[in-house]
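Chains: A, B, C, D and E, in written order; residue numbering restarts at 1 for each.
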Amino acid sequence: MITSMILFPLAGFVINGAWSLWSARNGTRVSPRVSGSIATTAMVAAFMAAIMARAQIPATGSIEVDCFRWFSLGSLSVDFKLRLDALSSIFTLVITGVGAMIHLYSVSYMEEDEAAGKYFAYLNLFCFMMLNLVLGGTLPQVFLGWEGVGLASYLLIGFWYREEANVAAGQKAFIMNRIGDLGFLIAMFIGYKYSGSLDLTTVEKVILPAGVGTSFVLLIFLACTGKSAQLPLFTWLPDAMAGPTPVSALIHAATMVTSGVYLLARLSPVISQSATGMAVIAGIGAATALITAIIACFQRDIKKVLAYSTVSQLGFMFAACGVGAFGAGVFHVMTHAFFKALLFLAAGSVIHGLHGEQDIFKMGGLKKKLPVTFWTFTAGWAAILGLPPFSGFFSKDEILHQALVSNSGSAWLFGVLLIAAVLTAFYMTRLYRLVFFGTPRMDQAKFDHAHESPVPMALPLVLLGVLSLAGGFAGEPVHLAHPESALSTPTWVIMIVSVIAAAIGATIAFRRYSVSEVKAEPTSDVFRIDAVYSKLFGGGLGVIASASQWLEERVVQGMIRMVAAVTDLSGNMIRVLQVGSAQAYLLMMIIALVVMVFYFMKGVV
Amino acid sequence: MHMNEIIQTLMPWLILAAGILVTLLVSVIRVESKRPAQFSALLTLVLTGVSALQTVSLPGEAIFSGSIEISSLTRILLALFSLIGVLFVVGADRYLSKEKIHLSDYYHLLLIMILGAGIMVAAKDLVVLFIALEVMSLPAYTLAGFRRNDSRSNEAAIKYFVLGGAVGAVFLLGSAFLFGATGSTQFPAIYSWSRQSVTGSNLLFAAGHFLVIVAFLFKVAAAPFHFWKPDVYEGAPTPVTGLMSTLVAVASFVTLVRLIHLPALDSTGWEVYAASIKTTIRVLAVASLVVGSLVIITQKNLKRLFAYSSISQSGYLMLGVLASLQPGHGIAPVLIYLFGYVFAAVGLFVLLSQSEPRGDTGVELVDLTGLVRRSPLRTALWSVLLFSMAGMPFTVGFFTKYFIFISSVGSGETPLVVLAAMCAVVSAYAYLRPIGLMVMRDADPGAAQWGGGFWSQLVVVVSVILVVFLGLMPNAMIQYLKGIPLIH
Amino acid sequence: MDFPLLAFSVFSTIAILGSLLVIFKKNPVSSAFALVLVFFAFAGLYALLGAHLVAALQILVYAGAIMVLFVFVIMLLNQDEPVHDLEATGVIYRVVSALTVTALGAILVRAVLASKSMTPSGALTDEKIASLGGNMKAISEQLFTDRVFHFELTSFLLLGAIVATVTLAKRKSRGEEGEV
Amino acid sequence: MTAFEPWMLLVVSILVFCIGLLGLILRKNLLVMLMSIELMLNAVNLCFVTFSKMHQLLDGHLTVLFVMTVAAAESAVGLGLVIAMFRNLRSVDSDQIQLLRD
Amino acid sequence: METSSSLSFLLTIPLLAVVISWVIPKALQRIYAIFGSALILALTVYETSGILFSSTTEAAKAYFVDQRLEWVSELGLSAGFRLDGVSAWFLVLSALTTLVAFYLRGIWYRKQPRLFVSMGFFLLFALNSAFLATDLITFYLSYEAVFIPMIFMVGVWGENQKASAVFRFFLMSFAGSILMLVAMFQLMSMHHAATGQWSSHLPDILKVVANVPVESLLWPGAGFLLAFAIKVPLVPFHGWLKEVYVNAPMPGTIWMSAILSKLGVVGVIRFVLPLFPAVIKEYQGALLAVSAVSVIYAALLAIRSNEGKTLLAYSSISHLGFVMLGLFSLSSEGSNAGVLLSVGHAVTSGMLFYLLHQVEERSGNLDLTTSKGLATAYPVLFSGLFIAVLASVSLPGTLNFGGEFLVLLNAYRASALCTILAALGVILGAVYMLRFFQRLGLGKTGTANPVDVLVKKDLSLADLLMVVLLVGIVIYGGINPGIFMKG
């Protein structure tokens, strides 16, 4: 059952991939409907398998399926095996479930695209890799998924590769992920060095020496910052919005970016050993949550707002992990998957309805035009704000609570997260208000042409809306995965504080953008982080590369040229003696003879 | 010893001597044609070679009161000289006609030269050695000036003669000193004197020994006694250059080795002396290698290029000499090197003589451009021979260097071997550049035409076959030459 | 001063001065005549050493034959005029040459002086030679016994020299082109 | 004043040898150069005879006979070369023959 | 147990192919070359199948073959060959590379095709002989013999700067190999001194070397290492590489990058590691550092390259730096990982250059500064290229991943610092390879291209077949890399 779960998307990938390649070669087109159906079917089947597999998990423990021996060398042997337990089960359900819906949505969304077959192939590839990531029984296999989703992400961000910007965004994502992957790689080496194995079951239990433990945790977390777009490696995610919107929903909101949380949760026994490491994780998480929330307030592009929001929400999750509340983190992953996917898909629906318009200052008054979108978006909006009883309320509340009360929590952490929550409410409401209310700020023609999305797009919206509304009540199974952090009864105080915080943010935003004439705000990269990075890393790499080039041309090639020149020169210098006069030769020979015979006789006597 | 036995022992030399007279006679009888002299010379050389090879395994014998010693070394060398002679009689035919200097004198002088060389390597007396040296040299000077109407040929001959004369005097002075020090000019007497002499610190002996060695250092053009070589090579007619580079070089080098081994260097009291000799040879080796390989890459004229090549060959050979000074090491590395070098050099110089005349400037690198399209076979022949010169594997040049290097490493001269190896790399450039020009470049408009003629091409092919065959199957040659002792 | 020393002084002074004249005389003919002088001085020195045969041959071969050859060629080539070739060379060249040759001379003198205390390896004293029938007889005997190979080899040397000289000096022949 | 001893002749012969060598190096006239070579050979001859005397041997004398022959042969060939050169260049100056050089 | 005839067979078949190539008509040379090399590949796989497909190293050992033929007995020279878990794979690789190189169409089948084909087969022979050699001199000779066809490749069918490229390549390699020869002489002299016999057979030498103090082995070891450092190459001995890669015709480049560089790898595994364990141990830190620096430095140069072949040339250096890192980790695991990565690099770079040639044929040049956007026009070609790029950046699931991963894993135990440094190359690899792909394939179709750019066809079926074969190996090796590690 587990095996079939990952084989379905693989099959979808192979079929769609081969088909689209073949037709590309012959210059024919792949039917988006057919290929979309294949892909969606594969995902639905995988979802079914995930549900069935879920049922098979014993109360405590896991199911393991050994597929084959991947590689072995000396004392190391790495099997390709799948391991399903409560934690991975949640992720598989989210991946396949949300994934299936987004596939369905895409069938309609990508109808016009020439390369839809390729698109679905990539999407299936992504799901296959993502499932590998969460089901992998060994670290290399997790790494396979880890890099695999990065690849899929690269391909999908740069899906419309004729635009240089898209390609650049994809490359940025891939490379920043690779920086993180380096951490993963080295963490694996450390794990292997100390546990003698790369099996998750072994590595999980390994006790690392203090310093090594911290570096292990930090390296793993470096991997997470790459994949889950945390400080300092978050800047790729907003750019990743260059991809088709369903991709943003699936990969860059619901699933891939949360794999960092999965990894931390998966390795929680090792992670928890290092207090320093945990503190760093919590601190970075909270800082990311705050900083990106601030940036989100200054965005105009609907998808960028959501992207920064995603980063911010991921910050919440990491803050939770950092204080030891892995369960809360994973819980938020789930609820976030529901509402953020919903928000993205709804945004996609808006963009689709407005034929590609993404600037929220050129929207407005779409409530009537796009009713289904509006209502489902409302559910997502409520969920992210944490209004009860929407799903986000439960998970966010849990995180805030843990940040305050857990052993490694503190008032500071709580305060930062709370401000982030206020800002979240602000920017989401700003978005909500500007898109759906007020007067339309676009051409009348465009407004008139705005239309609600077709059923295949609306259906996932509705389903996800329902999940955003009700998903919070599924908290219990999440915590089964991490019994040590059982759901604590939320204290009323924190609940009220968090709701009030959301209310404050929302009110400010509503007030501010209620005026009839909304003044367009310029987009602002508040902290200029991207610019600094491109100066620092782009420039730095450039400098180092230039230095190498200089070294190569001047020193390495220069040395070769110098050897050649010196050889030639000394040859010519010796040649100078060849003056052509026999008597001069005789003289030189006699000089040599005198010198040599002198030393010879001196040596002899 | 009975006269019969002497004749028996000396048979190859006697055949050669008789052949010289016969050749002189036939060319006097039939003045209008060169063919009888050519044929007679060829026959003489073949008979000499065969006769030398036939008796090659006989034990060595000193005859004429120890004036010369006929041994397997001298016989095999005489056979080699005869082979060189045959190849240059056959191979030079077309060149001589082309240059309009086809005189029967070429064959006379060639034969006398070979006789001188054959006796020089057998001489056991410094005076015999000197006379034989002159017997070899006088025809060599003359042949260098054989293109009598060409001032370059004159120049080469006179330079060769003046320097050769001076060096002959130096040799003679050295012999006089040795005579003064030991009371004899005979090798065995000098050798046994050194055994009995308590110390090697006899200044007269040292000076004399050094002077006779220097004379032959000049002959083999070991730097810094090499200056004459490029000029003479360039000016002399190409087959004569070939003769100098093979016949004269081999005879001189063997003699040089014998002269170095004149005293018993391993006797007690001679340690310092032996060490000084070794240092001197090291210096010479380094100088020859460096000069040869650094200057060779600047050369554009092929004859000069091969002159510097032979200077660096002297450097490698010096390594072999050093190894031969080590107790228990023979001169096999030197002999093998010389044989291998000769086989390639004969082919190279005959090939070089195949260019059509383009003034009196000799063959330049540019004449080789694009040869592969004009004459693929000739390109292949060139390539194999140049590969051998560069010491590339599967040619005899590899094994000759191999043997020199490994015996030097065995005698603890590794730093010198490393230097020699680096020089081999540098000079490899000079050897491969002609190949590059032949294969990779289009023909220059000024490039010379090439035309061989059957016989000279045959000589080259023979040389190439020898080079390749010995490059693949050197065992017999090595085995044979290894067994040959140096005569003292 | 005893006779040998006197004779030595005279002859060797003539030899050395003559040699210097040979190389410093501007006219090749003068050089040739100075060379004859040197040959005679050498003959005297040989006689002083009791080498009568050598002394005789020195006169006959060198002064008699070789010098005639030289003078003949000088005349043939019209070289009986002063040449100023010595001045053609640079001062540095001349100084370096002189110094080098002086150094060589010093070294060689140092080497030959080492033979002052040498013990004779032979026993052919003047008396012994006289008892063998004199210098000439003793030499001839050795020449045709021990040195017979040298002797025969010399014949080939002369043959080679003849062929060589003929080749070089003869005029145009068949198979050869060009004005000679 | 000391008596005459053979080694004195050795010094003389070295001096003559060196003078000959100097002439060979300095003079440009080929004929004089050939004479210089003769000087050198003569000096060696003297050396041989002197050593012969010192060793109480006759070998040196014999050697001188051969050297004389060689000197004669060499002169003949040398003069032949000079004549050949003179035919081409109308000169016996060694400065005229510096065509072959690097 | 196989008989030793299999070894002679493997060596003589390519020589036979050389001879036959001279009687095949010019027009049929390509067909002959392809079928000939395919046949040789099949025969090689068949003859070595015992080793290739046995499940464990232990099981494979039953099929190892030693062979020794007398040659120059006077010098103790023999022709010694050994077929084992390492050489078997390299034999297969050299046959495969030859097939790939022959498969390419180009000027070499129009200008002197006979020479090209015969040189290719001769190269195969020389390579096989070098990979199998267990005799020092046999190895040296084979190692040098490889030059001959390479010089012809570059010299006859090369680009503008071919002459200087050839000389630089030859002289630098020759300098290295001749010093190796001197080192061999030193070892042989040691053997001679110890036993009184001349021998160049590796097992004989090994016996003697074990009793030789480390100091005396230092210079011989340096000689070997230098030769291989130039051949592989390691920074800073790579000065010849770029010019040769760029100026060589594409088959030459494929040979050079895919298989010639492995001569150094095999040399280190066969000779350096067993002969000089103590020396290497002493200088392990430096050697690891040099390898790591090679990785980084070459990657940085690749980032700065503006020409396709140049970029791939530097990437080759970078990858081989990883291989050497594995070898110098001084564990059998590290060596095995190095072999695995070598195989991976051979297949991947063969594929990259193969496809690069297709790109060059279609766009006329490989300049990366002008936008091309060719993927639109040639989706299949660029899909293949993309897979090659992925393999080159060692994405898990491709052949290279296992190698690079295991190399780093083992190197980490030897030196964490060098490993981390080298691992930075993983990031840089992504930077330059993605840039490479982007510049050629992605973006708007450039105006800098010749007019007929988009007129040409996408990959032909025949080319597709080759790409599929290579992709198959890459993926299969990604799933089951263990098959390549039998050392």
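Criterion: a contact is a pair of C-beta atoms (placed from the backbone, for glycine too) under 8 Å apart; a residue touches a chain by one contact, two chains touch by 3 or more.
Note that the structure is a prediction, hence the values are computed from the model and not measured.
Counting steps between touching chains, the shortest path from chain A to chain E takes 1.
Dropping chain B from the picture leaves the other chains, by touching, in one piece. Two chains share more touching C-beta pairs than any other pair, namely C-D.
Greatest Cα centroid separation from chain A: this falls to C. Centrality by Cα centroid goes to chain E.
Taking each chain's centre as the mean of its C-alpha atoms, chain D lies 66 Å from chain E. Rounded to whole angstrom, the centroid-to-centroid distance between chain B and chain C, based on C-alpha atoms, equals 30 Å.
Centre-to-centre separation between chain B and chain E, using Cα means, comes to 44 Å.
Distance between chain centres (mean CA atoms), chain C to chain E: 71 Å. Among the residues of chain D, those in touch with two or more other chains are 10, 17, 20-21, 24-26, 28, 33-34, 47, 50-52, 54-55, 57, 59-60, 62, 66, 70, 73-74, 77, 80-82, 84, 87, 94-95, 97-102.
Residue numbers of chain A whose C-beta contacts span two or more other chains: 575, 578, 580, 582-584, 586-587, 590, 593, 597, 601. Shared interface positions of chain B, defined as residues touching 2 or more other chains, are 127, 131, 134, 138, 141-142, 145, 148-149, 158-159, 162, 166, 173, 177, 180, 183-184, 203, 206-207, 230-231, 295, 298.
Across the assembly, chains come into contact as A-B, A-C, A-D, A-E, B-C, B-D, B-E, C-D.
For chain B in complex with chain D, the residues that touch the partner chain are 127, 130-131, 134, 138, 141-142, 145, 148-152, 154-159, 161-162, 165-166, 168-169, 172-173, 175-177, 179-180, 183-185, 230-232, 234-235, 295, 298, 304.
Residue ranges on chain A touching chain C, taken from their complex, read 584, 587, 590-591, 593-594, 597-598, 601. Touching chain D in their complex are the following residues of chain C: 1-2, 4-5, 7-8, 12, 15-16, 19-20, 22-23, 25, 28, 31-32, 35, 38-39, 42, 45-46, 48-51, 53-54, 57-58, 61-62, 65-66, 69-70, 73-74, 76-77, 79, 83, 85-86, 88-89, 94, 97-98, 101-102, 104-105, 108-109, 112-113, 115-116, 118, 120-125, 128-129, 135, 138-139, 142-143, 147, 150, 154, 157-158, 160-162, 164-165, 167-169, 180.
Residue ranges of chain E in contact with chain B, taken from their complex: 71-75, 140-141, 144-145, 152, 155-156, 158, 162-163, 166-167, 170-171, 174-175, 178-179, 181-182, 185-186, 188-189, 192-193, 219.
Looking at the complex, you find that chain A touches chain E at residues 21, 24-25, 68-74, 76, 80, 140, 143-144, 147-148, 151, 154, 158, 161-164, 167, 171, 174-175, 178-179, 181-182, 185-186, 188-190, 192-193, 541, 544-546, 548-549, 551-552, 555-557, 559-560.
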